[in-house]
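Letters are used for the chains, namely A, B, C and D, taken in the order the chains are written, and counting of residues starts over at 1 for each.
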Amino acid sequence: MERVIEIRGHIIRDDILKKIDSSVVQYNGRYRVLQLEVGDQVEDESTARIALDLPEDKIELILNELINLGCTIPRNEEAATLKPAEKDKTVPDDFYSTTNHPTEVYLNGKWVRVKYQRMDACLVVKGDEVHCVKLRDIKKGDLIVCGSSGVRLVIPPAEERGNEFAFMSNEVSSERRVEVIVKRLAEEMRQLKQKGGKIVFVAGPVVIHTGGGEAFQSLIRKGYVHALLSGNALAVHDIERALFGTSLGVNLDTGSIVRGGHKNHMRAINAINRSGSIAEAVADGTLKSGIMYECVKKGVPFVLAGSIRDDGPLPDTLMDLIEAQAQYAEQVADADLVIMLSTMLHAIGTGNMMPSWIKTVCVDINPAVVTKLMDRGSSQTIGVVTDVGLFLTMLEKQLP
Amino acid sequence: MERVIEIRGHIIRDDILKKIDSSVVQYNGRYRVLQLEVGDQVEDESTARIALDLPEDKIELILNELINLGCTIPRNEEAATLKPAEKDKTVPDDFYSTTNHPTEVYLNGKWVRVKYQRMDACLVVKGDEVHCVKLRDIKKGDLIVCGSSGVRLVIPPAEERGNEFAFMSNEVSSERRVEVIVKRLAEEMRQLKQKGGKIVFVAGPVVIHTGGGEAFQSLIRKGYVHALLSGNALAVHDIERALFGTSLGVNLDTGSIVRGGHKNHMRAINAINRSGSIAEAVADGTLKSGIMYECVKKGVPFVLAGSIRDDGPLPDTLMDLIEAQAQYAEQVADADLVIMLSTMLHAIGTGNMMPSWIKTVCVDINPAVVTKLMDRGSSQTIGVVTDVGLFLTMLEKQLP
Amino acid sequence: MERVIEIRGHIIRDDILKKIDSSVVQYNGRYRVLQLEVGDQVEDESTARIALDLPEDKIELILNELINLGCTIPRNEEAATLKPAEKDKTVPDDFYSTTNHPTEVYLNGKWVRVKYQRMDACLVVKGDEVHCVKLRDIKKGDLIVCGSSGVRLVIPPAEERGNEFAFMSNEVSSERRVEVIVKRLAEEMRQLKQKGGKIVFVAGPVVIHTGGGEAFQSLIRKGYVHALLSGNALAVHDIERALFGTSLGVNLDTGSIVRGGHKNHMRAINAINRSGSIAEAVADGTLKSGIMYECVKKGVPFVLAGSIRDDGPLPDTLMDLIEAQAQYAEQVADADLVIMLSTMLHAIGTGNMMPSWIKTVCVDINPAVVTKLMDRGSSQTIGVVTDVGLFLTMLEKQLP
Amino acid sequence: MERVIEIRGHIIRDDILKKIDSSVVQYNGRYRVLQLEVGDQVEDESTARIALDLPEDKIELILNELINLGCTIPRNEEAATLKPAEKDKTVPDDFYSTTNHPTEVYLNGKWVRVKYQRMDACLVVKGDEVHCVKLRDIKKGDLIVCGSSGVRLVIPPAEERGNEFAFMSNEVSSERRVEVIVKRLAEEMRQLKQKGGKIVFVAGPVVIHTGGGEAFQSLIRKGYVHALLSGNALAVHDIERALFGTSLGVNLDTGSIVRGGHKNHMRAINAINRSGSIAEAVADGTLKSGIMYECVKKGVPFVLAGSIRDDGPLPDTLMDLIEAQAQYAEQVADADLVIMLSTMLHAIGTGNMMPSWIKTVCVDINPAVVTKLMDRGSSQTIGVVTDVGLFLTMLEKQLP
């Protein structure tokens, strides 16, 4: 039996009809576009009426998808369907799965803005509020928003987003005007610093290997880094460089291979272990320079997430990933700008936790990293395919 | 003041003189080759006498390095220097840092073979034994082998290693005869199965995306997989495929993009959460096919190490990496062959824990992954740059 | 002053409104969508009326673009505008620039199908016919189709194209089911062979280095290769392998590096020079095996295009690229299937010459090659990211 | 029967014994190192006596190889063996195949320095001189140096080469200190300009796409570019940018995609065709800016080599590759520094023609390009893996 749905949204700009088409085909159903009223411009909102010939539960999946694409479904100004979680970490099968876009739920006759927005979470009603909750944090009895009724995204129009980066396409290419991007980003950082905004860096060890270490240290000193999210490797390579002038066997000043260099890696960890922590190593005079040193001196919080490949690790590295994810999430919660430098693992990890309205720049010499991040859903990301060391050097020169 | 050292080893084959040269240059010292007696063949052992003009502690670092390269230093048949660890996780600065090669320590008048061999560890004397101990497991008072006296590697000659793979160079290239390698590997696996050897697979989700899932499942059923080391992603993608026919939004049978597919990712985790674990999901009939299903059915142990980017994760995924590393290490401890499939993170993690005498094959479409693994010290690795799905399909066909 | 245009075509499927939007924005103009009548399905044709506020010559550029996207512009059933070429190799500025899709020109009251269709050419009226002519072949006085009146594309609906490959998305990814693609391609090749179709291979030397040489030779012997388009390198490496068992210094049977191997490269060319040509070397018994040998024996035409980096080259290699392009074009003119194996340069060169209705498969281990080919306009291409040697081995096994 | 050879050279530094080992193994022979006298340092020359058990012609091949590696073979101060070419483009099978290193031939009782040194050529005696001659330029009756007697390389010691770049290792890595390299290169360029040296650039279109166009134009104006070797693409993209502000469909100022942009590619060629050539287009006012414009204005010679994938091409593009190679070779013959920017094809083509004593820098975002160039024999190349646009921008700022 056919059911007619009405939708309103950026039907042309966001390829909504094609997306309905592919969803319906996937579920072996049929559809007809009954009516399509387009705005004057491609950017304008349009409305459509579409007849769907599909089982009801599949229609619900498609509606969930359409909502996640920013469509308004007029008839969905009805109370959201709430069902209790049957046990911890488990929700009903038709739970509404979130995007990282701003979302509202219709509760008690009005639209309520969701808190702690992030992708791939459940919506849990807590009194008057609705929270994004990760599956693993669901408790038995939590009220879960199910189906698609009473849920909508409230994506602001592009012009209101005040996106200074709007001119930059999301396209990933090594064939881009990096210099222009550096200037725009520096301008954005200057403004954020003035108004007390928060800039979070997510950085991998390539920052050091490409010679970007000193520029990055200068950015910390100048007050442009308000949190550093990374892993064990960046910190160990940085400390190894500070203590022995090497980084995993490469003399960074001459570029020559250093024999016994890998041993320096372990000696660096040993030195911090002796002090007790990175901060204590700064305090007792063991660590006198480098990125981690500058963070400690400037009071910039850092979170080092462990990984299965970590040697050591440093005493500051969190090998409990539940704790690491929690501390990452806390740092990005109030961020205004996130700059990701050459680390796919930590970039995707951070992207998973962030709402889409935080400006994000991802710099990597490998285009696949940037593409993968955006494919994962962090579509707000501006990808820059370039040499991270040069990028930081140029960025630092633009900042007073 | 010059000190004359004598060394014996594969001086020509292993570029020992060049390595001494670069070490000495790094420490601003000087050296002279006083004598070099070479064997008939490049593969033969040679002896050399070299005068070093360097501070004593730098000479020690070079001797440590030379030992790690397999040289014997005649005068070092002296008791090893032992010093107590001053506190937990902390060793004296001149600690001997291990390789993954078989090592012996001279204790109480005889050479003792080191247990639990792995790279980047310390040597701790425990009664009559010497153990490789990771820095983080060092306890205050542990007796640490320091300097280079009384330590030697005992690398067997190539012919004794009985390496069926010997014909394959370690060179990494996409321009290789993959078919030949598949045949040799299949032969090796057949022999190992016959004599009750242990084959450990380290696998990433690309195994599924490249269509290698069914071949891999068949390998499990046929008894060629004795442990599976992986992360959350492989298991979730596999279970998603088993439950919904998709894998992160790709319909694997038709290759087309599936709308709402990412939701299936979370639905798969939810389903396992409901059962309690992967094994329970197999037991209660929720999970009826796939790689994880075959592992449970066949009793193949698997270890899923968490990462900062994991959604969910599955209840089986270890988010405590200390525990994850311990379980990985347990599985490789008695492995005869380790096959790494398209996962840089887990491959390097596993490589860190393994002694060099375990045969290792690393398959990846990206040459950089294989190179990085070997640069890290897992030089025994045979790198194969190819399509993992095709590789598994061909391998499976060679095995009865 | 506004002008209203009407278009008919796959407005939704092909993102026509978004393309008009970006063109108009580029020319600093404005537009309004006055009306949009969509079909039932996304695949169906729709009609639109759009008011454009733009200089007339810019409207012409947009109309040219819309025609190239497959739109019909009802008012354009008027005689095409013809202007003479002012001199050799030079056309009027508003010349109609072709796509590789089937095109018709309205001449003397009827639509005439264009001959020698290829992209980036001019349309020249020659009596009753219209030909695609490359800029460099334009002669003074040639009648050039200018502007957009009287030109349309006639792209057949997908179902009529009878595309056995339709199920395969164009998406490029190393995470694909290569085995399925091999089967479909084998089926297509069997059918083509039965009905006397023509299969053209474009191949680079990686075919040999990845161990695909023998499979490819078998494909030639079995009659599945009807022309080979390549460069100097494939032929030299193949002949070097046949004469000395090496290929640029690699022993292909053992994989080991061969000293003096590069000299063999020059010795191979010298041997063919002595005979006079590849065919004469087969005739006089110098060349007794390999890809080039099989081509000669089976009478398969081959074209070797030179490049600036060619040593030698072989006497068969065409260092005059005008001639090489002509011979390539002749081979693809009547092709039914073109299979491109690991050679970006020759693949793009061939793609430039082909109409879009020839089925094209491009196999490369590097996803960027496939992407670049499709970005250039060869959008009909099915990209397969895999190991070319294994691909050929599996393909050959599927063919009787 | 064993034959004893004596060699002198950088036996340790250049791995000579290992190379003899692999050559002998390849030919199924045997060898014994009878004696090895090493210098004090790894860099010093050593001497060795080695017994070879191999057929005489194989020994000759090995001697040829050893000479190419820089060894002196004391007994080879005998007249070189000369044999006439039996026909055009054909030499005796045992011809001596050259490297790109400085070479001398023993003729009439003295060592004669070879002219026109390049790799993969034959040595032809012309009166008192010896010339490197490409196989295709050999004429019947030319006197060809055969075997290995009477040939030696005369590679100057590293310190005499006065290599300002000596500190930079040849290692290819994206993890390098690009900024340091830029400074050294700028210093080298300043010095060369002062003493009237010649700097040749080999450049691909990525120079433009990465935003390096303006910096490169400035380098031309400032007098740091003395020849430009490239292909059709760089020139067309540059001219398209100058005439229409686009480059293959990308608006370079805003980064947005330009509809109809590909047509601009053909319109640019058409415009130059109308003028007759690039120089004439500058003269008649058609072309007013860009890289090609600056070359014409400054009188910098440029050579555009054609390729099988070229559209158009421009009237200046040489589609006859024999001519293109000749003009490339003429420009590099007296070069002091060659800088290769993001073009594997033209970089390898140029590398083939150059003697090893010309300093060479190769910049590319893809490490494989740099590696491939060096593997081909251009081992003098300093590889820089970075963003070419940023590289040029920084280089230009360092130059007055």
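The working rule: a contact is a pair of C-beta atoms (placed from the backbone, for glycine too) under 8 Å apart; a residue touches a chain by one contact, two chains touch by 3 or more.
Just so we're clear, the structure is a prediction, and the values are computed from it rather than from any experiment.
Asks: Which chains make contact with chain C and with chain D at once?
Replies: Chains that touch both chain C and chain D, as defined above, are A, B.
Asks: Going by the touch criterion at the top, tell me which pair is linked by more C-beta contacts: B-C or A-C.
Replies: By number of C-beta pairs in contact, B-C is the larger.
Asks: Please flag the chain sitting at the greatest distance from chain C, going by CA centroids.
Replies: B
Asks: Taking each chain's centre as its mean C-alpha position, how far apart are chain B and chain C in Å?
Replies: That gives a centre separation of 45 Å.
Asks: Calculate how many whole Å lie between the centre of chain A and the centre of chain C, each centre taken as the average of the chain's C-alpha atoms.
Replies: Taking the mean C-alpha position of each chain, the two centres sit 40 Å apart.
Asks: Among the residues of chain B, pick out those that touch two or more other chains and give their numbers.
Replies: 256-257
Asks: Quick one: which bits of chain D touch chain C in the complex? Just the residue numbers, please.
Replies: Going by the criterion above, the answer is residues 19, 22-23, 26, 61-62, 64-65, 86-87, 89-91, 93, 95, 97, 120, 134-136, 231, 251, 256-260, 262-263, 265-267, 269-270, 273-274, 305-313, 315, 319-322, 324-325, 328, 345-346, 348-349, 352, 377.
Asks: If you look only at chain B, which of its residues touch chain D in the complex?
Replies: Interface residues on the chain B side: 12-13, 15, 17-18, 20-21, 31-33, 36, 38-43.
Asks: Give every residue of chain C touching chain B within the complex, in rising order.
Replies: 167-169, 171, 173-180, 206, 209-211, 250, 252-257, 365, 385-387, 389-391, 393-394
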